[in-house]
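The next part holds the structures, each set out as structure tokens.
What follows is a pair of complexes built around chain A, which joins chain B in one and chain C in the other.
Then we have the complex of A and B:
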């Protein structure tokens, strides 16, 4: 693909996300799609993290744990320490990254299904911890969290308070979409830099990678920490939107969905999680009108996609290119 | 002159089995030294111990006066002792050139963050790695097919790629695990020349484990012979050829006792 074509593609994507979608919603009057698409953007961010752990050869079914942790860190800092939400966002991510280093050191030695099983347990551990700790307020959760306030330095407003916008839903959508664009731009850069090359070496053969001098333990930890950081900020952002968090806000099902988003989009494509999340989440919503057939249709389509395109939705383009050659 | 690499009575036990039994020898700089022995003699285990892919039960390996055994493999590689693999272990999902480029890791000057933000060091690294990878591909004879997916390569080229990956790390000592295994005579002779070139033109000390006797005899400066985990002989190819113990080990002592 030429550079010009690539830039055109990116511009088109940005135009759709920031102009096309608000226009379409305005025109159709489906205001509820704002919430759906905001969720897609945030879930795609968490899925990007899962995708990165796939990229170093680990199946991660524990992202829900970090989304929940990030959400609680943000909620507690806002409610109990009176912090501004925008400050808690990076803190929630960094907190999750640090926790993931502690958890990752022992468990990242495990491979394949063993690592997957341990991460599967993590979400449940996070849920039970949130239930048990006094600071998280148990099953009652933390509610009535104020909307993000303004950020200003020396009287100069950098980020206006979210409720000064006429349409809060639109504001949240734009924030989530911008966050998603930033995260995926970063992911694209990561994968196309030498770091991505090293990650691929890890994915393909850890023994050989260590024999060429790659500190595989360190690289695995770095990738897992970035992954968990993304889970944390996605979780925190969710809490800001729903203004509440409960131990059941992110469950094992969410963790499995994060993984499915990656599979569906394609594990070899950095933008796969966006498409996967959109199709999975939005598709589920669209099928709402089919009533009791919703799950049946949804599952059948999923199975079909996985059978027909085992390498993900984005592999459609790959196949075209291969036959064109 | 003190030796480059010293193996000091290294022992490795697996449960009750002593796979390597206080083996000791020295490797001089720019030497080609082969470790030979019948199947199960402990050659591959010894290799893994030198490259720290296995921990020793006792004894130590010294490189340039520093202990390198019982560390992690990447730390040993960083010091300049790099192994290639017996099975054709490569990065299958990358092109030949990308295999060699990624193996330049130890020459990196930039940090991971530097690579992310494309710092000056990072860009210099990437340009240098690409140039050096092209040069190594040409040297190894893979120049023509460097854009081919590694998974599409035939056996002989895979072995060469393994050596190219090893060279990209800029090693002082290269450990080659059965570089001639499964090769026909012509391929073997070509690889023998290649290994000589690695030593003569790049100044790399080569330690190899091998079954192929004619190849070993023609390539080695010195040979160490293992049997049942113990060193039974050490010397020049001519000395080894004439060594009774070696002949016994290869032909089998029991044969004589049953009158064959």
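Then we have the complex of A and C:
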């Protein structure tokens, strides 16, 4: 793909996300889609983290744990310490990254299903911990969290309070979409950097990579920390939108879904998680009208896609390219 | 004390049977069967229909559960897992398929059997009461013994039958087994059917005690994963050990920790993570599966 084409593609994507979608919602009057698409953007961010762990050859079913942790960190800081939400957002991410370094040091030595299972258990541990700790308020959760306020330095408003916008839903959508664009731009940069190439070497053969001098332990931890950081900020953002968090806000099902988003989009493509999340989450929402057949249709389509395109949706283009050659 | 041990044994026998099916499928195909819990639930509903609704003898119902799941398992392997595994670049893709199948089975069970909790009449009445030190209903004892017998039968089958030997050879080294003339495609299907059948069998056994409902699938899968992890993925003796260990831990934990609230599973999970960090391959697994 030429550079010009690539820039055009990115511009088209940005135009659709920031102009096309609001216009379409305005025209169709389906205001509820804002919430759906905001969720898609945030889930895509968390899935991007999972994708990065796939990139170093690990199956991560533990992103729900970090989303939950990030959500609780933000909620507790806002409610009990009175922090501004926008300040808690990076703090939640960094907190998750630090936790993931501690947890990752022992468990990143595991591979294959062993790592997958431990991370799955991690999600349950996070949920049960949230239930047991006093600061998280148990099963009742933390509710009526205020909407994000404004950020100002020396009287200069950097980020206006979210409720000064006429439409809170639209504001949240734009914020989430912007966050998603930033995250995926960063991911693209990361994957095409030196570290990205090294990560690819881990995916193929860790021993070989190690033998030619790649510091695999360091690289694994870095990738896992970034992954958990993304999970944390996605979780914190979710809490700001729903204004509440419970131990059941992110469970094993969510962790599995994050992983499925990556698979569905295609593990070989950086932007796979966006497409995968859009298809899975939005598709589920669209099928709501089919009532009790919702799950049946959804799962049938899912199975059909995976049987026809086992390497993800984006592999469609690959096949075309291969036959054209 | 006797009570706790008996409860642990009873739980462990069932858990081991669930874990056996899961570990068998994993050993043969390297597939983590997310739909295992749903297969278990389906088995429960088949027994509920045949024994509870149609009024046929319990053992006929149990046979129907096992047979249904064996057929379902064989079809899933032949028409879903085989083509996907053959064409995907990374074999983890099978996880998406397994999860899709789990959703699909949930949907089918929801449409056919509904979301209500279902139970069946007791197969035998009465309670064993040994001096108030050990109190256990007879039907639980019967189910526990049946589970133990099934485990024993499975081990004998795997050790001495021709099919069992082929399956063990495949689990050890698929390519070598193929070179020795084992029809791996055929035996992968048989193995998958066998694993699904075990899940159906436990479902049928347990429906007489706990009943069955749609929501049981997911948690059952997670527990089965735990047991397999404790014992070592893809190792039959490990799955049995894992099942009994988890059963005991649950039984002991619920008694000891009940004073501190609902933290038994938190403790079990946390200790499992520590255990796996020290010994990644579980009790008996081979390193890196």
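As a convention for this text, the second predicted complex is superposed on the first by the 325 of 325 C-alpha atoms of A that agree within 3 Å, B and C clash if a C-alpha of one lies under 4 Å from a C-alpha of the other, contacts with A are read in each partner's own complex, and residues count from 1 in each chain.
The rule is simple: a residue touches a chain if its C-beta (ideal position, glycine included) is under 8 Å from a C-beta of that chain, and two chains touch if they have at least 3 such contacts.
As the structure is a computational prediction, the values presented were derived from the model and not from experiment.
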{"item": "Fit-or-clash call for chain B and chain C when the two complexes are aligned on chain A", "value": "fit"}
{"item": "Partner chain in contact with A:256 - chain B first, chain C second, else both or neither", "value": "second"}
{"item": "Comparison of chain B and chain C by chain A residues contacted", "value": "C"}
{"item": "Which superposed partner A:7 touches (first chain B, second chain C, both, neither)", "value": "neither"}
{"item": "First (chain B), second (chain C), both or neither touched by A:133", "value": "neither"}
{"item": "Which of chain B and chain C A:215 touches, first, second, both or neither", "value": "first"}
{"item": "Contacts of A:15 with chain B and chain C, given as first, second, both or neither", "value": "neither"}
{"item": "Degrees between the directions from chain A toward chain B and toward chain C, using C-alpha centres, nearest 10", "value": "80"}
{"item": "Touching partner for A:182 - first (chain B), second (chain C), both, neither", "value": "neither"}
{"item": "Touching partner for A:200 - first (chain B), second (chain C), both, neither", "value": "first"}
{"item": "Shortest CA-CA distance between chain B and chain C [superposed frame, angstrom]", "value": "10"}
{"item": "Chain A-facing residues of chain C, complex", "value": "26, 32, 34, 80, 83-84, 87-90, 92-93, 95-97, 99-101, 103-104, 106-108, 110-111, 218, 222, 225-226, 228-229, 233, 261-263, 265-266, 269-270, 272-273, 276-278, 280-281, 288-289"}
{"item": "Interface residues, chain A side, partner chain C - complex", "value": "54, 59, 106-107, 109-114, 116-118, 120-122, 124-125, 128-129, 131-132, 252-253, 256, 259-260, 263-264, 267-268, 292-293, 295-296, 298-300, 302-303, 306-307, 310-311"}
{"item": "Residues of chain A that touch chain B when the two form their complex", "value": "189-190, 193-195, 197-198, 200-201, 203-205, 207-208, 210-217, 222"}
{"item": "Residue numbers on chain B that touch chain A, as the complex places them", "value": "51, 53, 72-74, 77-78, 82-85, 89-94, 98, 101-103, 105-106, 108, 112, 115-116, 118, 122, 125-126, 165, 168-169"}
